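In what follows, a single structure is set out as C-alpha cells and then discussed.
Chain lettering (A, B and C) follows the sequence in which the chains are written, and residue indices restart at 1 in each chain.
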C-alpha cells in the first residue's frame, strides 16, 4: 500500500488530476469494460507505472483528423494529459511539434527500437487505387506506410470510421479506392473504434485495457471492442419507449419532435447502428448531448454501410429481432394447457369404470341366464 | 292399470352415497366456476373454445340420451309394439340425459346470465346451426317431460289429467321423433363450419348430419340394451335378452348404414389414403372403426345375439364407438392451428363427473319411487 | 293408403327435398360495396409493436404481463385482453429478414374481417354482424350468450373469450369502428394503421388495397418503391425502400371467400400460421346444408305431419289392442 501511495502521488503530479478523480475514472472504464472491481486498481497501477508506457506510432490517412480533435477535447480527468502521459507518443503527425525529415527519422528510430512492442494507431482511410498514390506522406504512400508500420506492431488500432471501414471517402463512387485498415491489413488483427468522430472514451478504454493486460479486449467480427459496440443504439436509447408505444416525430419541429418522441420516422439509424452513445453520450458535456439527445436522428456514423451510405432520412432496417424472447413465436399461445396427472388419471378412471363395469355385467348376465335355464 | 311399477326399496344405498360424494366434489368446482369464472376451473383456451363440457355433456350425453328417441322410432313409427316395455325407462333416461345436457350447456355458457337471448326471436340467426340445436334441444326437453309425465301422474293418481294427456300424447311422440332427428343431425352439422380445424378423416361436410344421426340412433339403441342389462344385474330383474336381441338386429342395419356412408364418403372425397397416413389420427380412426365393427360382428351372429352378455358387450362397444366418433371429431384430432393444445383439467372433469353422478342418482331415485320399470307379469 | 306406403312416401319425399337442397347450396358471399380493410405487408414490418400498443390504447385494454419477468406488455397471442399482436417467424439462425430458411419475419395477428365470416354465420344470436356497407365484422355482447361457437367457427381463431372473468365477453378487433370509438365512421383510419411507422399496416378501401398489393407483387425485387403510410387512398407520407422478393400471393384475396384484411409476405403463409383454406368458405357449405334442411321449416313440417299421422295410427292400434 505504501508503494501505491508513492506511485499515486507521483501520478497526481504527472497527470494533474486528483487521485480520487483518477481512480473514479479507472473504475468507470473497468465497469464499462465489464471487468471486476479489482480491475480498476490494476488499471490505475498500470497507468501509474511509467515503465509500462507503450510507445505509440500514430498514422493519418484520408481524413479530417476529427478523431484526434475529439480526443483532444476529452476531459475529466483531462484526458489529453492522460493520453500523452499514459503512452509514449513517439509519432503523431497532428500533435508533433517537429516536422519534416526530423519527425520521420524519429518514427523510423522508434519503430526499430521498439520492434514488436509498439502500438500502431491508424486514423483515416487508406486509398489503394493506382497503387495508393492518392495519399502520400513524406513521399511515401499511406498504403506502404501502413504496411510498414503494421509489420512489427504489437497491436493495431483503427481509430475512427475512415480507418475502420473507409468512412466518407469510401462511399460510392469511391474514386480513390479508399479502404479501412482491416481491409488493407488482411490477416492481421485490427481493433476498430469506428465513429465520426469516434467517442474518445471508447479509444481510451481500449488502450487502458491494453496497457493493463498486455492484450486487446474481446472484439466482434468487425474488430469492434464488444464492451463499447455490443448493443444497438436503439436498444439503449431513452426514446425507445416512444418507439414501442408508436409515438413518432413525423417532421422536424412538429409536436412529436418537440415532445421528444422517437426519431425513427425521420430516418434515425439507431436501430441498425452498434454503439454506446445513449449510455456514454459525448465528451462528458452532459445534458444529453449526442445526436438523438439533441433531437437529430442517428446518422449511423460508426456503422459500415449505414453512415455516408444510406440516405439521411430513409428508414433504417431495425435489427432488434434479438433477443428472441421479445416476440412471441407464431405457435405461441395464451393459456395453452398440458395434461395434468390428476386429470389424466380421472379420464383413465372413467374409461376403466365403463369397461370394467361392462365386463362384470356381462359375466353376471351369463350367470343369470344359465340360472334361468 | 299400469304395466309399470315403482321398484321401491332403500334409496340411500352404498352406490348412491358414492355417487353423492362425486356429485358434491362436482358442486364444489361448479361453485368456483360461478364465482371466479371458467378460466379458474377449466383448461379452455383460444383455440379449443369447446372442451369436454360441450363435447361430453352436450354432444355425447344427448346421444346417450337417444334411447327414448330410438325406441319411439321403433315402437311408434315402425309399430314394433313388443318393445313398449322398454320405452318408459328409456324416456326417463333421455329426459335426465337431455336435462343435464341442457344444464351442461348452461354452465359452459360464457354469458350464462343472459342465456334467454337465444330464445328471443329478434336475435335469431337462421344461418346458425347452433340456433337450431339450442332451440330444438330446449323444446325436446319439454317434450320429454310431457312424454314422461304419465309416470308421475300415475304415481300421484291424477287420472283426469292423465287421460287428457294420453289423448294428445301422439302429437308429443311425433315431436319426440322429429326433434331429435333435427338436433342430433345438427350436432354433426356444427362440425361443417369448423372447416379445416376438423381432421379430414372426420370432416365429411355435407354428410356430417347423416353420420351424426345414424350414430346417435346406434347409441340410442345401445343405451336401451345397456339400461335393460343394468336393471337385470343391478335390480335383479328378469333377463330380457329375447327382446333386446331384436333391437340388436335393428342396430345391425344402422351399423352397416353408418359404416357404408363413412367409408363411401372417404373414398368419394379422395381421403381413403389418409386412413393409414395420418399418424395418431389414423390410430384413433382405426380404433373407432374397430369399435363399430366388433359389435357388428357380434350382432350378426344369431346365437350371440341371444346372449345377454354378448348384447351388453356389443352395446358398450357401440356407445364407446359413438363417443369416440364425437370426441375424435370435436377434440382429439381437432386442430385449431399450430401451438394450441387442450386436455381437460381435473376440476373440469370433476364437474362433468358430478353431472353424470347426479344423473345416475336421479335415475335411481325415480325408478324406485315412480312406476318406470316394466312389471314382469307377462315378461 | 297403407301405412307402410305413406311412411315410405314421407321419408322418400324428405330425402329428395333434402338432397336437392344440398345441391343448391349458396356460393360465397361477395365483398361489401364499400368494404374497408387493411393490408399488412410483412416485409415492411419492423416489429416495433406500435400497433399493439395503439390497439390497447384505443380499445382500453390492459397489458398482458408474463409473470414477474417483465413490466412490458408481453401478450403471446390474441386473447380477451389483446386484439392485435405481432409475432415472429424464426428459422435456424434467423439471420436475414424475410427469408424462409435461416431467416425471420414478423406477422400480425388480428381479425381478418372475412368477406364470408364464419363467426357471423354460426352465431345463434346475431351477436356477430357483418356491416353491410363496410364489411366490418363487429361483435355485440349485449345479445351474446357466450356459446363460443364463433371461436371454433373462425378459421383464424380470432374471437377470444375472457375466460378469467366471471362476467367475461368475446373480444375481437372491430376495426376501431365499435360504438364509442367509431374511427372509421368519423373518417379516421384504424389505430394500428395510423401509428405504423413503415406503412406495414395500411388502411383503406378493400379494392384499393388489393390493387396496391397486386402492384407490389409485380415489382422487381431490388427496385425501390415509394411505400405509402396510413390510408392507401390518401397517404399522409411515403418512404422509399428496396422491394423484397414478395410471394406471388395476396393472402385474403380469395381464401375462404376472401378477407378485408389482407397479408403480403416473402415467407410462405403456412409458416406464418395461416390455416389451410380453399376458396370456398366453410360457412357457405354449412349454411347450404342448414338451409336445405330448414328452409321455411318446410321439411320439418312435412316430416311432422307424416310422423303425427303414423304415430296416431300406431297408438290407436295399441289402444285397441289394450297394450298402451
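Definition applied: a contact is a pair of C-beta atoms (placed from the backbone, for glycine too) under 8 Å apart; a residue touches a chain by one contact, two chains touch by 3 or more.
Note that the structure is a prediction, hence the values are computed from the model and not measured.
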| item | value |
| --- | --- |
| Most widely separated chain from chain C, with each centre as the mean of CA atoms | A |
| Identity of the most central chain, Cα criterion | C |
| Whole-Å separation of chain centres (CA-atom averages), chain B against chain C | 33 |
| Whole-Å gap separating chain A and chain B, where each centre is the average of the chain's CA atoms | 70 |
| Computed distance of Cα centres, chain C from chain A, in Å | 47 |
| Per-residue multi-chain contacts in chain B, two or more chains | 39, 44-47, 338-340 |
| Contacts with 2+ other chains: residues of chain A | 329-335 |
| Residues of chain C engaged with two or more neighbouring chains | 77-79, 163, 273 |
| In the complex, chain C residues that touch chain B | 3, 7, 22, 25, 77-79, 118, 120-127, 141-149, 151-153, 155-157, 160-170, 256, 273, 275-277, 281-283, 285-291, 293-294, 300, 303-304, 307-308, 310-312, 314-315, 317-318, 321, 323-324 |
| Of chain C, residues touching chain A in the complex | 46-51, 53-54, 64, 72, 74-79, 82, 85-90, 94, 97, 104, 106-107, 163, 195-198, 236-237, 239-241, 271-273 |
| Complex interface listing, chain B residues touching chain A | 39, 43-47, 229-230, 232-233, 238-239, 241, 307-310, 312-313, 316, 319-320, 338-346, 348-350, 353 |
| Contact footprint of chain B on chain A as seen in their complex | 329-340, 342-344, 346-347, 350, 354-355, 358, 361-366, 368-369, 372 |
| In the complex with chain C, residue positions of chain A that touch it | 243-248, 250, 264-265, 271, 311, 314-315, 317-318, 320-322, 324, 326-335 |
